[in-house]
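A, B, C and D are the chain letters, set down in written order, and residue numbers restart from 1 in every chain.
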């Protein structure tokens, strides 16, 4: 069993990247130290019981001095409360949770991110580059608009990672889906693909990777009541049709071929 | 004089717990999942995911949804089945000094009987909690727990096969819970645990569909505490056997309220998701309460409500 | 084309409401109290504090206590009695163009009958809602609403005396609410409103006493919405007469969920305390929904759940 | 029916007077304009449903430019949430509610306040002094400690009102109850007494006023679910033993002789 901690971290920064995208940095050394790219934390959004349940967010970045960052879009009650967090208040975190990306690709890498799915790929990109013998890494990042994508492109490029972009409205890079950027690749490149984003994007990317014969890992999202493999509420049909896997325990990252794409 | 180690022991049938705090079935996995967050040996007892004779895949997704101060679940009693439970899950507790009470479920009297028999005398099984909120497929899916006769029948069927401490878990979806409680007491239960979840539903007005694939689900969490407390109070005055309080317990004050209402012990459920250390914190909180109030033991609190 | 004034009308028995939003008994006083906060004429209907034959003083204090996402009340049905209601409270509504449905309560069949008779034909009384969650003192305090025969008896007794629209309000504290629903339908009710409060309790662990003088009280508010929604869905599929949904409705989305589950109209209760303009805001919200989705009328939403 | 408004006011100041006493100032011109001393507002403490119910607070002060102030001690869930309010956030108020103090005393006045009961007396004191022909007003203020009492004494004195103090621990003024300051008064003074504070204090003060033959008004506190005379949850036994009055509608201020002191 992988080690998990419950830690209350002081919020030291709340950044608003767009009208509905925020980044929160909290001091949580124990969790930061244990975290691996692709893992997530369960965040308690209110001190009271409404909202009651914790919300899952992938670990966006960790820093040497024990800071943990989450990047999120306001989509409902919990994220709305979180967006109103004041610096100096405490953020109640449980983590790191789940199984992240494999960290020894030993082949050139494509980081394929869509929307908030880009969040864990920054941590992964940084981790891969810190390897003694880092593999060549390219990031294919997509979002709806330039305004949503640019801040994340800047962060990725700051790591020294080449970024190719795609936006639904064509305001930045390719006018279309990020999956399009893989389609006409040379199979011989034999890249390891790490994909995270909306379900349809991951389904398409895993199909293209399969066609190219490339290994591909995807990070799935399901409703989560606990994130601690206690409630069994995060089931996902097994690829082999025999019962369920549990995304918070067996994932969230899965080899693409293991996923029974619906 | 404040005791260094206050006397927190409570008795349920033949089983003495070191303190009244247990975990509720289905909210603590198979126990191992919480081992890095909670010191399991400090709990009074752990009750694990409900076990059926054969493994069950559980319902389609979505299985859980949040409500105001609560949640609905329609997990569908997914579990590994009694055989894999005994060989794969129970062994973990050989290294952990905490009583394990096995929650069992079935959709016929025969299944309950076989489960009682299979678990009887198994090393590491400190007791059985019978979940009678399951639908009786032979009676058109009406839940065993909603009919006093059926509830009594399940109890006596398991009682005959299992000699250890036998707890029966009552369903709240009844007109008068004291009637079912007395029927189950007469059928030989050592203790009653209540309440299981309330039957509820959630709808997404955008998609015009139920939020649970199963349409209806079990409501749990702080929202149901007032109903659970009232039922524990009613049942504790209607039966002589110990009553175990369940329903929205998240902190020491909640636990004290259930003990005052007549519960001998409590189970912490949904709160484990919100605060994984809730159960251990409540053990510490109750111990501090006994010390600060110079009580003989936690048992002084049981049934202490001044009415 | 988006209608300027969307068709929001719904019918309950002979009564046509301009929209499905009413206020729940006991949460809107006698209506006048809200007149400076809500434009009463914009509501589908108002249901006022429960009225008994004789004035009632109500229970001792404390009568209300907050719970997680809810509240308990044991007001004790304090009211001015039917005579003072007709002479002092009803006249206020002569100047206000909104149907007033009078909620009646009694502790014997005779009291219900006399109330039905007294209110029959009274100008300004648009209909009656019968609260059958009251204890029947002749049957040891068992609530009328928990027993199908008693529920049917109350309904027919009032039906015989009152010719206007007759709504019967069901209690949720039953094993199977559809049985009571059908019995009341057969006894002549024009519509069913549900749910009344769930029976609950709260304890102060510092004083070791119940927080309500009456010990138990009625649980209401967002906490009970999942249970109310499930019961409305079950009852709407079990009877042919209109069903009115009550229970934790605080905003337009909540109201839409009840309509989708099969409710023809809704009542806003505890939410009036938290947001006094809740009822009027929901009227506006439902109208916007009909406009934005180009619906013929709000009636398209009723029973629209895709299962 | 007295006019009431529902108004969301921007919080412009949050002052912490002691570790558990706070004062919040919000811009609520409609309510400010309608308010009379002794009336209260129902404050929504959280955007969600936990805590669910509004909390009653007397109107502590109103200013010409439409500000409404409440003064409160943290005693439970709601006041704890309120104490964490950030400047710039909105405070959801309903009011003014209830019947306040009589405003034409036409005799010298004693303002007798205990603890948080002092809150409405500042508004009353200010109101009385703004009268064309103001009566002589003296404030008798009590609290547990000097630390709790001093800020309120300073405010009252700033209005030009003479203040006599009493503290439980004797750290400021008379070492004892504020009620003691009335006991040995000359009945001939014929003062109008306005009392607000803990129940036992008001019971004692109303007894002393009666003994001196002075008129006395008291502001009662009961649990309140609505504050809008809708729930009937704020009942108080009638002096004449015939049923109940309702504190939020018939009060909170009552002539002392009408109260059936328990």
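One rule holds in what follows: a residue touches a chain if its C-beta (ideal position, glycine included) is under 8 Å from a C-beta of that chain, and two chains touch if they have at least 3 such contacts.
Owing to the predicted nature of the structure, the values given are computational and were not obtained by experimental measurement.
The chain pair with the larger count of C-beta pairs in contact, out of B-D and A-B, is A-B. Rounded to whole angstrom, the centroid-to-centroid distance between chain A and chain B, based on C-alpha atoms, equals 36 Å.
Between chain A and chain C the centroid-to-centroid distance comes to 48 Å (mean Cα coordinates, whole Å).
In chain A, the residues touching two or more other chains are 49-51.
Shown for chain B are the residues that touch two or more other chains, namely 68-70, 221-223. If the chains shown are joined wherever they touch, the resulting network links each chain directly to all the rest. On chain A, the positions that touch chain D within their shared complex are 46-51, 77, 81, 84, 86.
Against chain C, in their complex, chain A makes its touches with residues 49-50. Of all residues in chain B, only 26-29, 32-37, 49, 55, 57-58, 61-66, 68-71, 73, 75, 78, 221-223, 250, 270, 272-277 touch chain A in the complex they form.
Taken in their complex, chain C has these residues touching chain A: 68-69, 222. On chain C, the positions that touch chain B within their shared complex are 67-70, 72, 146, 173-176, 198-203, 205, 207-210, 215-216, 219, 221-227, 229-230, 233, 248, 253, 256-257, 260-261, 304-307.
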